[in-house]
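Every chain is named by a letter (A, B, C, D and E) in the order it is written, and numbering of its residues begins at 1.
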Amino acid sequence: MSEDKATAKTSQPGPEAIESVEELLAHAYVIEVDAVERYNLLADQMEVHNNSELAALFRKLAGHEEHHAKEILERAGDKALPKLKSSDYKWGEFEAPEAAELDRAHYLMTPWHALQMALRAEKRAFAFFDQLVKTAKDDEMKKWSEEFREEEAEHVRLVEELLTRYPEPAEDWAEDPDPPVYLE
Amino acid sequence: MTAGGFLLEAAARSGWFGLMTRSVGPQIRGGEAAALLRFSNRRVDVPAESYNILFVVDWLNFDRFSAEIHLTPDTMVIADPDSGEVPEVVVKSGARMFDMPVKQVLGAIEGGRPNMLATGVVGGIIGLPIDTIYELIQDNLGSKGEKAVNSSKATVEAGYRFAETLTDAPALAEPKKSDKRRWIITGNEAAGLGAVRGGVRFAAAYPITPGTEILEWLAPNLRKLGGALVQAEDELASINMVIGGSYGGVPAITATSGPGLALMTESIGLAVAAEVPCVIVDVMRGGPSTGIPTKSEQSDLNIAVYGLHGDAPHIVTAPNSVSDCLFTTQWSVYLAEAMQTPAIVLSDQFIGQAKIVIDPPADIAFVGKRLLAQNIEGEYRRYAVTESGVSPMAVPGVAGGQHTADGLEHNPRGTPSTRAEDHMTQMNKRLRKITGFDYGSHWAEIDGEGELAVLTWGSCTAAALEAVEAAREAGIAVKLISLRLISPCLPDAMAKALEGVKKVLVVEQTHSGQFANYLRAQYELPSEVRSYHIPGPLTIRPSEILSQIQDWS
Amino acid sequence: MTAGGFLLEAAARSGWFGLMTRSVGPQIRGGEAAALLRFSNRRVDVPAESYNILFVVDWLNFDRFSAEIHLTPDTMVIADPDSGEVPEVVVKSGARMFDMPVKQVLGAIEGGRPNMLATGVVGGIIGLPIDTIYELIQDNLGSKGEKAVNSSKATVEAGYRFAETLTDAPALAEPKKSDKRRWIITGNEAAGLGAVRGGVRFAAAYPITPGTEILEWLAPNLRKLGGALVQAEDELASINMVIGGSYGGVPAITATSGPGLALMTESIGLAVAAEVPCVIVDVMRGGPSTGIPTKSEQSDLNIAVYGLHGDAPHIVTAPNSVSDCLFTTQWSVYLAEAMQTPAIVLSDQFIGQAKIVIDPPADIAFVGKRLLAQNIEGEYRRYAVTESGVSPMAVPGVAGGQHTADGLEHNPRGTPSTRAEDHMTQMNKRLRKITGFDYGSHWAEIDGEGELAVLTWGSCTAAALEAVEAAREAGIAVKLISLRLISPCLPDAMAKALEGVKKVLVVEQTHSGQFANYLRAQYELPSEVRSYHIPGPLTIRPSEILSQIQDWS
Amino acid sequence: MTAHTAPAFKASDYKSDIKPVWCPGCGDYHVLLSVTRALAELGRRPEDVACISGIGCSSRIPAYVNCYGFHGVHGRSLPIGTGLKVARPDLTVLVAGGDGDGFSIGGNHFQHACRRNIDITYIVMDNRVYGMTKGQPSPTTEPDWDSALSPGGTGLSPFHPLVIALASGANFVARTFSGDPNRTTEVLVEAIKHPGFSFVQILSPCVTFRPDERGWKDVVHTAAVEETDDPARAARRIMTDDGFNIGILYRGNRAPYKLTGREATSDTDQLGEMFAI
Amino acid sequence: MTAHTAPAFKASDYKSDIKPVWCPGCGDYHVLLSVTRALAELGRRPEDVACISGIGCSSRIPAYVNCYGFHGVHGRSLPIGTGLKVARPDLTVLVAGGDGDGFSIGGNHFQHACRRNIDITYIVMDNRVYGMTKGQPSPTTEPDWDSALSPGGTGLSPFHPLVIALASGANFVARTFSGDPNRTTEVLVEAIKHPGFSFVQILSPCVTFRPDERGWKDVVHTAAVEETDDPARAARRIMTDDGFNIGILYRGNRAPYKLTGREATSDTDQLGEMFAI
């Protein structure tokens, strides 16, 4: 699998188009919510495919992100966050930056792969806020962006640290002598 | 190759026979899967009643297979104590549990894989020569480089070492070697080979489980014979392509399963009326509707025999074992060509997908030979009324043989007609073709004598045969009659086969007893008839049939 | 309107009953055609054995009809001596020939047409009041202006005048008037009306002879009821549209004939598995394949009963007369809805297209009522296992009833399952639904008592009834059992109906004896069974059946 | 093609002795004429030509042509023709039928036959109605045409068979009018000669159920522009034309279907050996 | 649309509790996500939505959506959807499935559903392969893609579903990429809202049999030009694009299917009277 980003050509604007603190917070919140959704989905997939180790790991990651999501809402306080529709997003890429890339999932994947996935997600989130810091429309936005950016940086560090515990699996990790099955 | 494949081939190379089936979960890939193997020193055509050895990679979703994998107190279960809780059904079976630190062993070998360990453990227990397995590894993984070969060998060896530690292990009887190289083949492959042996050189295909493999076997191999396979847009197209190819004089086939057969019936009726030979293999799966595509059932008997609209006599055959798929398909091509009518071959998921070791099959004489009209002089009458009912067929290219094949009722020339006389004449002719044909002894396999006869067909045959043999050993005389020709019926042949028989036990894998009803409708049976019919997905086991026999004796 | 139409309606208005069928040549339009009429002062459901009057416009291609139009020495043949040579079969019949200068008479009247002359001659001979015919002319041609009306009247009158010159003319028995206005209806129209009476409000259509008229009747009339008919691209679409409409909670129907039914079987199986009620009317024609589209046959029995792949229990019914198309179609909608399963109604070309005079049918209580799930709390289980086998169905729009209807085998919730237990449970449930249902007395029409029973179905019933009545008059006690419910079988009801019966004569219009084979397979019959089966295109005549009865008594 | 060595044939050599059941006045008589003329011009031996059809008035044509014929079931003529041509590449295969047969029930095969681009010629006698079953609307029928089955009209915009053919990959697309047998013959000759899948829509009036179609002879007109080998251009042109534009509208140069590796290099015994262990 | 009165829905309200059997990595997971998001944005009550499919991996989607669902037989989803919508015009009907289901066996219904222009939305998860049956070429598969059933490739040029949709009369035609769920959601919202037949092709990689399709994310690109309501223009554009052009490519304004005269003006007793003499 190539290491390039899940971004590619998108017609949607990037974070530089975010106009207000409320909009920024709404995006930050969606980032976490989508991340939760993805990790849960991946956990489900791994459960269905009998990869229980990974199911547990993804479930745990989902838990972390859920915690972050809650935090953002708390920190937003009484600010009324706009409800974003898919056409309102300003990711500058296909997906919310912290959403794990579903297309990279594999039923034989190892914790190393999962953490690589998480790492790329955190890095994308970092890049998103980093860009916002550069293009923030006002100081308050900039302040929030910096805070989020630092948090993501911290997450990147955490995941990197975790990764040291898991060696990269052998090249043929995805090889499966069992053929796919014919259904229906 | 999977562990099952390695073991089957290693056993075959060492002189044993064997049978392998697979069972899988609903996931497309990466789901739970089980390979079920049975070895013997004579041919085996039916899965084991219960298993001697269960090697477990993990217990996840084992329940899905528990109905298929019978364990007894004799069974050796080898599993990693870390691979999860042992399912209740396993505990209850009283099987002997052997702990093996699978993960740990694999972890210690670079590139160590569960399939190789399983191969080693099971190979070790049953006493397959380790060198044969090494040979196989070399043959199959050699291209991946020495490292892969060595790690596989090491893993297998670890398995053998573990096997040595086990006590009271079951061992295989002495192998029976043979001069000729044995074959490993699935029923679907055998059907493909049978088709081309029978003369098929054209096929049309629309994939469907579990018939696809026949088509996938034919795709490259027909080309090698100068023939062709076309992938069609749907089954309506594939059956009509087959009719078109055959109208051109080229014996033609398609393979499908129940839903596809249902789509084809209108046009199979066309082949009946227009008298165009063709062969349709229906690899049956659980019905109705989409049903259970990955599991076996014999419930397409009704549609195969009765599923065409109008009175449309045609041929229905059924292979009675994995290897018989070769003979029956070849024979069906021959029958279809000889009688210029469609033949439906009822195989099923079990015999289609099971892999088996067999002695190389003999060359059979049946090759499709159509009665052709050549050197035509005067008015050509495509549907001329003949004694046999078969009319010489002109194929395109033959001068003077121009005619229009028609699904409308017609007169002998082929011109549409609504006259009662033409209708009756052509109906009689089309029926006579197939009821008056000499099918020889192939219409059924008949074994033994007795006042009680087991009457069965298709993939139930092997189980019935084992049951009958067991009954004989227990002193009960039982006759076995397994029909290979399902339709038309041969009342005289059956009457002869039933001479002296007072009781008939009909065995089949359906919910409604389709075969029993069909026999009742079409044959004179002794007054005492019992019907043992169980739908899929589980294959009927010899012991079930045996207990039916015992109950009734 | 044709001469036949005028005569039938005039007779009906005057208190007679009657039946009209038509027979035509292969030309799309303008070919030879014959209208066959029978009048009586009680209801007639079967064409005449032989004809009293033959009015000939010209003799061209008369041979095509000679097998259908039996002439006797009593028959009056009225023909223009200039209209060609009298066919040999007519001469041989010994029929009485009456010359009429048809061309000359018509030439003398401006706008004089043969159909009016025929109406006049026949009306005159059999004694229809000429004023009734004038009335009809006014009603039907009034819009064309006075000139047209007058010339028609003049032509009719000329016919009456000619009739007066004839001696020994056959006359009708006294008419039986009624307070209520009688109906003139074809079986296909009756089926359409039955459908909407049963609650059908959605139909999907693909035209095919002879089913099209049902669809053409429904097209405008469903709209008037707030319903809809969609013309589909083919039968695969029409049956699936019907399933879709019915899944939405709207009782739905389609009509077709053999080739179309063959295309529908896969999806009818879906309706079985997914438990979606629907009704398919198959107006049978001569088979196999395209066969003889304009003629009747009962040879779709097999495909209707056995033509679905897998074990797929469903309902098959058959109207036993032209007017019974109304009752049976309505009842079938009721059955399908009650049991949430498809019902195939086997009508045929004869009863579908014959036009008949009947007393206005009574209002029948059967209106489709589906067991619906409403006010759903907790987890909804679409395929919940119930005692009757019928599970409450949630239709879109009902909150909490969301589920996925599935043709894959499933558990009670509808989730796909390959487990043996789920398969068995759902198979049993689907079978139980239809075998455990209380069909009341409608499953068959039973008439009389006797040691000999005629067992028949569908459009053979009327002929059988006449034969049985004639036999009784001749002193032979015969019982008639005509099945309206073809499938499922009701062994207890049949056993009761057969009490005291020692011999059974099975009568049907097929080549292979499909009905007889079906009965043998599914019922316990007395040991003496004879099968009288004749394929189309000619309808079976009462005298044929009578002679079978006499032969055997 | 062996045209240069073949003996000279007359149109009548391709006519059978069976008399059509068509209504007098039906456009299909003209089509029959044009088909036999085209075959005579091509000089292909009658026994080397096969004419395959489905069910409908127009689908009766095989019996009237003195070639090998197959009157199949409704809507499946193209698969029969496809199977025949792949099994017997030496034959000239014509497939013929009606608009109902080809575009309604047979619509899927139509698309896929175009895509497969096998060297056959498909002739649709388009009368915008189901003639054989007594006048129901077909996919090419005008939305407001009243009939028993669709009272008041279907309300559906008609199907564009030529665009579909192009979009699906047919290699030759033409429209002609039955009442212009010379031009039709010419087009059929070109269609049969052209490699790959050729589609010819022949506007052929149904005088019985669509008597208004007698008026077609006054509205058809020759395509104003040159034929093209650019499918996108051709599609645009056809999508915007009035449906009465007559001529060869597209003549492509896609390679016709060919199965590679189809040489007898093995026998069945050798194939069996693959199972030996 | 009742969005303004309906309570606010979350995407998760449209997800059922059944876990997909799809391979991890399969594009269809993304499609499921987008469909549930689109429904939430539209705010239609789950019980007022029906999702109909055929057979294939992608066709498993109804069970995963918490709406009414129908998992029919292979290739017949559109007729089921059509029957449902005509019988129950009050429902929102989505029809979904794969390229094999929709363009191969179901190709005829596809054309005719476009032509009929009933107000339903048809979503095809196009992975250019038959996933469920282990990797055979579908109509959209590249000609040189090697497989067991077509060794060396089919040699056939792929089918252009969007052109066919346009030519057949679909009223809304779009292409999206599963890996771009936001844009896909947006397009689906528009498709469902647009009256008449809306067709959305979602490029959805099959990671098991077409692992190369993971690379699609690098090649898809947004349609360079504005959407159009001119079908001929749209067709030409799509016929010449590279198949990876993403966006709403046609938004027509043909009136959706409507049966005239469908008002309950009679009852069955009255209808019976027509037979009285």
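Remarks
Simple rule for what comes next: contacts are C-beta pairs under 8 Å (C-beta built on N, C-alpha and C of every residue); 3 or more make two chains touch, one makes a residue touch a chain.
Keep in mind the model is a prediction, meaning the values are calculated, not measured.
The chains touching chain B as well as chain E are A, C, D. Note on connectivity: the fewest steps through touching chains from chain A to chain C is 2. Steps from chain A to chain E, minimised over paths through touching chains, total 1. Pairs C-E and A-B differ in how many C-beta pairs touch across them, and the larger number is found at C-E.
Over half of the residue numbers at the interface between copies chain B and chain C are found on both sides, making the touching surfaces mostly the same.
Averaging C-alpha coordinates per chain and comparing to chain E, the farthest chain turns out to be C. Each chain gets a centre from the mean of its Cα atoms; the one farthest from the centre of chain D is A. Rounded to whole angstrom, the centroid-to-centroid distance between chain A and chain B, based on C-alpha atoms, equals 50 Å.
Chain A and chain D have Cα centroids lying 56 Å from one another. Chain D has its Cα centroid 38 Å from the Cα centroid of chain C. Mean C-alpha positions place chain B and chain D at a centre distance of 41 Å. Residue positions of chain D touching 2 or more other chains, listed in rising order: 71, 73, 75, 104-105, 107-108, 111-112, 116, 139, 151, 259, 261. Chain A has residues 48-49, 107, 179-184 in contact with two or more other chains.
Residues of chain B in contact with at least two other chains: 26-31, 208-209, 212, 220, 223, 233-234, 236, 259, 266, 269-270, 274, 289-290, 293-294, 406-408, 416.
Listed by label, the pairs of touching chains are A-B, A-E, B-C, B-D, B-E, C-D, C-E, D-E.
Contact residues on chain D toward chain E in their complex (touch as defined above): 104-108, 111-112, 115-117, 139, 151-152, 155-157, 159-160, 163-164, 167-169, 231-233, 235-236, 239-240, 254, 257-261. Against chain E, the residues of chain C that register as touching in their complex are 9, 12-13, 181-185, 189, 193, 196-197, 201-202, 204, 220-221, 223-228, 230, 232-234, 236-250, 252, 266-267, 269-270, 274, 357, 360-361, 363, 394-408, 414-416.
Within the complex formed with chain C, the residues of chain E that make contact are 16, 18, 45-50, 52, 62-63, 66-73, 75-76, 78-88, 90-91, 108-109, 111-112, 116, 259, 261-269, 271-272, 275-277. Taken in their complex, chain E has these residues touching chain B: 21-24, 55, 57, 71, 73-75, 104-105, 107, 130-134, 136-137, 139, 148-151, 154, 208. Listed in rising order, the residues of chain E touching chain A in the complex are 8, 12, 19-25, 27, 29-30, 33, 37-38, 41, 55-56, 74, 132-135, 177, 179-183, 185-186, 189, 205, 207-209, 214, 217-218, 220-222, 246-247.
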